[in-house]
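Have a look at this one.
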Amino acid sequence: MSAREEIMSRIRTALSDAPAVPEVQRTYRRTSEMSREQLIEQLVDRLVDYKANVDVVPAADAAATIAARLSAATSYVVPAGLDEAWLAEVPAGTRRVVDSAEQPASVADLDAIDAVVTASAVSVSESGTIILDGSATQGRRAISLVPDQHVCVVPASTIVQLLPEALPRMDVTRPQTWISGPSATSDIELERVEGVHGPRILDVVILEDA
Amino acid sequence: MSSTFVGMPTLPSQRGHGNLHAEEPFPQAATRELGNTQLRANLRHATHTIRDKRLNVVGELPDWEDLRQAGSDTKDAVMADLPAKLEEFEANFTARGGVVHWARDAEEANRIVTDLVRETGSEEVVKVKSMATQEIGLNEHLEEQGIAAFETDLAELIVQLGDDKPSHILVPAIHKNRTEVRDIFLQEMPEVDPALTDNPAELAMAARAHLRKKFLGAKVAISGANFALADTGTLGVVESEGNGRMCLTLPETLITVMGIEKVLPTAQDLEVFMQLLPRSSTGERMNPYTSLWTGVTEGDGPQNVHIVLLDNGRTNALADKYGRTALNCIRCSACMNVCPVYERTGGHAYGSTYPGPIGAILSPLMTGIEAEDNGSLPYASSLCGACYDACPVKINIPDILVHLRGEDVKAQHEASRVPTEMDVLMKGAEIALSSGKVLNLMEKALPLGRLVAGRDKKIKKLPGKLAGAWTSSRDIPAPPAQSFRDWWKKEGRA
Amino acid sequence: MRIALFATCIVDAMYPSTARATVKILERLGHEVLFPAGQACCGQMHTNSGYFDAARKVAANHVEAFESVEYDVAVAPSGSCVASVKHQHPMLAERAGDAGLAERATAVGAKTYELTQLLVDVLDITDAAEQLGSWFPHTITYHPSCHGMRLLRLGDRQLDLLKTVGGIDVVELPEADQCCGFGGTFSMKNSQVSTAMLEDKAENIRSTGAGLCSGGDASCLLHIGGGLSRAGAAAGTLHLAEILASTLEDPAEAPSTTTGATR
């Protein structure tokens, strides 16, 4: 008997008393009534708690804000689909690498790059979570991982309050990364400290009117 | 740790193998650990920190109890329909380019993983913290096979570098304080700055520097998974440091080892479990990073993706109708963080990979109550119920502990006809307490106790191992001159 | 109301004054109290030690005893024993395939209340000084026992009633929700761990400066009192029933550990 068949048969034997299959009641909160301002406020509160840097700006100021956040970087990587206008004010002297699945930067390349700029798919204000789904504006998972600074743009229209509101907007079969603050650890005495293997700096640029 | 494998072939094949047993009677192990005052101070500090954090973030959600109920019901439903859910997951994961393997036990899983690593030609692997691979002793096995496994989670790294054993499922080095961690780093990391302080942020930086090259050059990663979604074939890992993302993203080959009980029916279920898990485990609203992957995504991440679905005694637990909900565990560690026994003994006293209240039921359920010293585990609880209250999927751990005590008594009586001291005590109490008349007669002897008590009206020492254990640290007041029952009768009342 | 008293074995044999206090309180409220003579014990010690067959016999005796008399509700001055009657008795019968006993045990369990549950939920007592005449001019602290708190969900019923006793000063116990380490035979089988828990409980009690620690479970109080006594602490323990029963005319003494059980 193959391992698969044997395990399946063990499971069936174990369940021979036919335990009841309960009906799952989804009585938890699944919709919310928060205004856009409240959503932004809550998201900012959570992100700041995680020690992320947050700017809330009109879309028209996106380019200037991103440029300011990148002021210390000498190089940055962007996914091929990122809105070109967002990068308009980054000084020409800052080296830009454009990454795509077709023309991927190597891991060594990425390690030599200071920062990454990406968009995001959906954000959950209640938990301060930003979800990237690997689409063209967010890019391959490696680019938002290896550089030490992540500048992430969140259009306010993509913010929801609750996780149950976010999931229907997502395709779970795309490679997803949920980000709630910069990398952190609680492994020493269960006290949280920020900054381990993932980006140590997370800059979130919330576009209040986009 | 590999010594626990000795003698395993004599166990029935359905039982789990590996690092899953109490290795000595719990009271004995606990007494030793209790004597370590540094350990006690470390544990007390850590568990109390996390308790407060958890209460805060749980209290924030008005629908916490609804989420718990949904989580519990979802898990019950999966377990009742497990073959279909596993088949569905397998079909979806395979359709997207992943390869599914099945392992009956620890040895089989270790063999499968070793072969997969060999096929890549790599002689080293990076690892994301995984309870399943700890349970099967994968690192030790790989080492025997000439493959080096590097733990990348900070706490796992501390344990690995310190040649230690994990003592907690979420924070395996919870028994070490910052100074001890610094000392390990200074000794084991050749490149580390000798001026390293014990500031946790600095220690985290040292770990970053130590592992950076490993991540960037790794060809093979081995992970566990927090859940598998049947309807999409998706796997998920919940983490904090980014070491998980490194392992799940950069290498060419990714091998995941996951217990068969981790499957969830639908992607929608994430909305429940991703609220329950982070708040219950690290006491955060959300953990810093969660990664989801579904088979292979062209051009993004590992292109050679495998999963090993592990039984290793899980079907044994599933067959126990009073104990099977232990498989609902999502390994958040809330139960051990709130447990007054764990707080004082730490995880090593439980022997198994799974310590604390959940370990006290899971180990015997997976590997048998009579295996090694498993029989002592269900008694490692005062049945205070704090674990049940904290458990995000509402596993009634106290009831299962009591059930397993019954199994232990049964097993002991089958193994030996000689009554134990506890048997004698229980038999005596049964006779006394099964009838008001008999109890009344026994109570007539209460004044005798007053004689034993002596002048200060305290009984300070009783004979026997069990009663003697009580009076080792507690006085017993002298009994009253007459029982209530007696008084009631003498008052002439009905 | 006709109220059947389930004294519980430990109160019956070791703390008869707690049972007498329970009777006093209920009679003061004008209720008729009866004592089903066949009663002995809830069987919790056997159940929790894994001796299910023995436990079932003890439970069956309890069910019979409380079926043999007519009453409206049953009451016990113990959260733990009430939880056992309600939850464990039906479980023991079911496990043995005795559906008849399970049903009878459920019926008995449904009519059984912990003392403050009865006082607050059924008899509408919210102010002990006012409604019971309770008077106890001492400083106390209070330990909520695990089973009352987590199995019966008593919440603040006990503490709130204690706070309304005339003349009393109730000081908060640090880490009150932590188990005292009793756990029945746990205190013998894992005596060292139990002792470590007990020491912390005793230390917390001492830190309040209160002269005694009250609670709703005689077994936990026996354990805590035993630890305090061994440590030579000045504080003792006293069941809340005795505090509620205490009045200006008929006051309960605040006991030290040495006299707790003997009155």
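Letters A, B and C mark the chains in the order given here, with residues in each chain numbered from 1 onward.
In the analysis below, contacts are C-beta pairs under 8 Å (C-beta built on N, C-alpha and C of every residue); 3 or more make two chains touch, one makes a residue touch a chain.
The UniProt protein names, listed by chain, are A = LUD domain-containing protein; B = Iron-sulfur cluster-binding protein; C = Glycolate oxidase.
The structure presented is a predicted model; accordingly, all values stated were derived computationally and were not measured.
Enquirer: Tell me which chain's centre, taken as the mean of its C-alpha atoms, is farthest from chain A.
Expert: C
Enquirer: Per-chain Cα mean versus the mean over all protein Cα atoms: which chain has them closest together?
Expert: B
Enquirer: For chain A and chain B, what's the span in angstrom between their mean Cα positions?
Expert: 30
Enquirer: Roughly how far is chain A from chain C, centre to centre by C-alpha average, rounded to an integer in Å?
Expert: 53
Enquirer: Would you tell me which residues of chain A are touching chain B in their complex?
Expert: Residues 2-4, 6-8, 10-15, 17-30, 46, 50, 100-102, 104, 107-108, 111, 124, 126-129, 134, 140-142, 145-146, 162-164, 166-167, 172-199.
Enquirer: Could you pull out which chain C residues touch chain B in their complex?
Expert: Residues 7, 9, 11-17, 19-20, 34-41, 43, 45-52, 54, 57-58, 60-61, 65, 91, 146-147, 149-151, 177-179, 181-199, 222-223, 225-227, 229-230, 257-263 of chain C touch chain B in their complex.
Enquirer: Show which residues of chain B lie in contact with chain A when the two form their complex.
Expert: 14, 42, 45-47, 49-50, 53, 62-63, 66-67, 69-70, 73-74, 76-77, 79-83, 86, 96, 101-104, 108, 152-155, 158, 171, 173-174, 176-178, 181, 200-201, 203-205, 207-208, 211-212, 215-216, 229, 232-234, 240-243, 245-246, 248-250, 260, 267-268, 270-272, 274-275, 278, 282, 284-294, 297-301, 309, 311, 315-316, 318-319, 321, 324
Enquirer: So in the complex, the part of chain B that touches chain C is made up of which residues?
Expert: 26-27, 30-31, 34, 340-341, 344-345, 378-386, 388-389, 399, 402, 404-410, 422, 426-427, 429-430, 432-439, 443, 446, 450, 456-458, 460, 466-467, 469-470, 472-485, 487-488, 493-494
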